[in-house]
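Written out below as structure tokens is the structure these notes cover.
Lettered A, B and C in written order, each chain numbered from 1.
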Amino acid sequence: MNKQLLTEKQIIVLIILFLFGSSVVIGIDINSEIGQDAWISLILSFVFNIPLVLIFGYIINKFPQKNIYQIIDILFGKLTAKILISLFLIHILYLGSIVLRNFSEYVEITTLSETPLLPIMMSLILISVYLSKSKIKTLGIFGNIVLAILLVTISITLILSFSIFKFDNIKPILNHSINSIFKSSFKVFMLPFSELIVMLGIADLFDFKNPSKTYLKGIIFTGIILDLILIRNITVIGIPLLKDSFFASYQATRILQLGEFLTRVEGLITINFVLAGIVKITIFIISLSKGVAYLTKNKDYTKTIFPVSLLMLGICPFLFDNVVDLFDFAPIFGIYAIPIQVILPIIIFLFCILKKEKKLIYLD
Amino acid sequence: MLFLVVLVMFALIIIFDYNKIKIKQSKKQNIIYILLTLSSFLLLISYVFNFKIPIISHVLRKIINK
Amino acid sequence: MRKKTLLIITFIICFLSTGCWNYIGLNEMTVVAGVAIDKVNNEYLLSYEIYDLQSTPQGYPIVSQIVQSKGKTIFDAVRNAKKRVSNKMYFSDARIIIVSNQIAKEDGINSIINWFTRDPEVRETLQIVISKENSALELLKVNGLTSTIVSNDIKTIVEKDEKVTSSTEAVPIYQIYNILSNKNMSLTLPLIHLVKNNDQYVCETNGIAVFKNDKLIGYLSSEESKYYLLAKNKLKGGIITINTKIKTADKNSFNISLEIKSNSSKIKYVSFDQKNLKIKLITNTEVTLGEYKDQNNKINDKDLTKLEKEASQYIKKQIEKVIKKIQYDFNTDILGLKEVLYKNNPKQYKKLNNKFDKLYKNIDVEVDSKVEIFNTGFTR
């Protein structure tokens, strides 16, 4: 029961915030043909996610208190480990920059339209760097506060939207072919849900008792909330606008009002997104700096935080030319990310089992 | 112009941080630290001066569009 | 020494970052309450009703002013207004857009709403109304009866109308976007005209403007709109006036007012054979007897039942009349029959989708109305 580590509740909180961070991008699968069945594909996608999460839980169970770099180090030879970890780090760097760019674009389009991108990105990164340099407990407590704010805001917006629900917008249910629903749920699975592998990078700071259960609790909770938000968006703003608008939740909350005085609730959800985004970027930075620390045989990961985050900031402006690029790229990225986000855990998992068997045979 | 000033601030902060930790790290780690920081600065400055550097997403997109 | 330099650096950074790029003080923006769009010489002429904070003396309700600007596109005109006004226009509080019927007839609504849906400042709850007068500007020039700002007046009248008189339909801009993109239903917008009230002209709702695709093709009067809203299940209040006699002993027939408490209508697809599509419309209206002129004869239970039957017949006939007008005169699906088909019978929708426009004139709508009178107020 080391006081320096995160407790189980704090881990669940971090998982929820991590997955939540991407709900900015998920108007879910914006250019898709499935309109009103998007909520079904969301449920499917996180059913896909369950086996992956169970794999994570098994791996962590075998190697308690070790993060993914140490695990790969134990399981593979020195050279293979270095190659795998380098690939993994490049991927996380790229992914982290995309997330950072996502949030900055969101802030810029909705609220600060005159501000150039770079200052917004710099501000977000500075906060994340400060947060990652402090002890891990700070992140846990910060996560608690952010989740509280998040839940209150979401409940307010959901309750307010009851009066504007047009339940008709959900019909006709299941009108789309199973094929397209599966395709869409695959895309959603790739983008926010399987990013959980990044959390493995900081697994040595977690105090897990039952990792599979913790992970499951986290994703089930997020799945339910995200689905409710999606259903609210579909029923409030209708299908054509949902497909064409970049930030559906933002537009949905702009329509909400209670009488004449409680209007403009959209400011609240911008705060939500940015706070969840900061937590997500912090986790990326910590994971990345731990990896770089491992590669350079540094014992303290806080030393590598600054250069790593600057690099993330550096490649951020070059990723996309404009916002349409960003949203069009999401499905392509899904396919590109399969090797690292899906196959790598499966490889580690198989090696786990094989090595255990080898040891048994040896003992015999 | 404002960006350059802010970048200079960033540079100063990094130099302070580096001075604090270079004693505790080995030579190799110091080199990597300097390398990473310099490369990211180069990228940021080229963004401020409007040079465009294509990164993976452009390449990926070209491949997929073909 | 190091800490001091760091502190100085932080101070300098803070000083340089003040004057945030997006900072706009209240005295640096012109708040727009409503916009009227006309077209003159192939250019858009926009008239904005702005809150005039300067010339309002303290303690008085806010006065409004009208600013005009021209441009080749809507956004062009909005920016051109800066040539006359010291501050940029701020649209976050805009209530309504008034479109002249010429633009609606010739160019269509699609040419106008694009900027309003893209700009992040403009809210989705904006209402669009059509002006029946020669130009949209005339509606902005009058004074509102309840508030000094006409735009607020028009917006509140249109929004609250469905519960009170049900003579028009409020369609906020995000619903317009959905209807125009979806093509399962045709657009309807509220119609406003000027009317003389005590030697002054004021704005008044005057029914519904009917569109085909996005161009204006005709109008429904206030009475017809009421039955149209009844059919579409959007009616929440209103008065139905019947000219009839309740007692058989009556020689003359009187005007009787029934106040609608609530209404629910359902459109059901019945059958399709070769060329005829059959649809059933069931309405269920709960009313109270509002006004009955004859003081001499008092009403009893049998009279009420008789009145219910008469009212049902009357509503049925009126709805059928309106539907026929929509089918023959306008030939555009403002009732949303296609959409009902899509939502409830998607398989039929797939079969009929392409032929729907041709079928529309011959759709056989069977109306079944039921009226229930709940009470008659204080007295018999």
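FYI, a residue touches a chain if its C-beta (ideal position, glycine included) is under 8 Å from a C-beta of that chain, and two chains touch if they have at least 3 such contacts.
Predicted model, so just to flag it, every value in this text is computed and none were measured.
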Chain centroid nearest the full-protein CA centroid: A
Looking at B-C and A-C, which one has the bigger number of contacting C-beta pairs? A-C
Note: subunit B sits from subunit A at a C-alpha centroid distance in Å of 25
Cα centroid separation between subunit B and subunit C, in whole Å? 55
Mind checking the centre-to-centre distance between subunit A and subunit C? Centres are C-alpha means, answer in whole Å. 42
Using the touch definition from the top, which residues of subunit C touch two or more other chains? none
Name the residues of subunit B that each touch 2 or more other chains. 6
For subunit A, give me the residues that contact two or more of the other chains. 119
Give the list of subunit A residues in touch with subunit C in this complex. 109-116, 119, 168, 171-172, 175, 237-241, 244, 251, 254-255, 257
Residues of subunit B touching subunit A in the complex: 3, 6, 10, 14, 17, 21, 24-26, 28-29, 32-33, 36-37, 39-44, 47-48, 52-57, 60-61, 64
Residue numbers on subunit C that touch subunit B, as the complex places them: 2, 6, 9, 12-13, 16
For the subunit A and subunit B complex, residues of the former touching the latter: 94, 118-119, 122, 292, 296-298, 300, 303-304, 306-308, 310-311, 313-315, 317-320, 325, 329, 332-333, 336
Using the touch rule from the top, collect the residues of subunit B that touch subunit C in their complex. 2, 5-6, 9, 12-13, 16
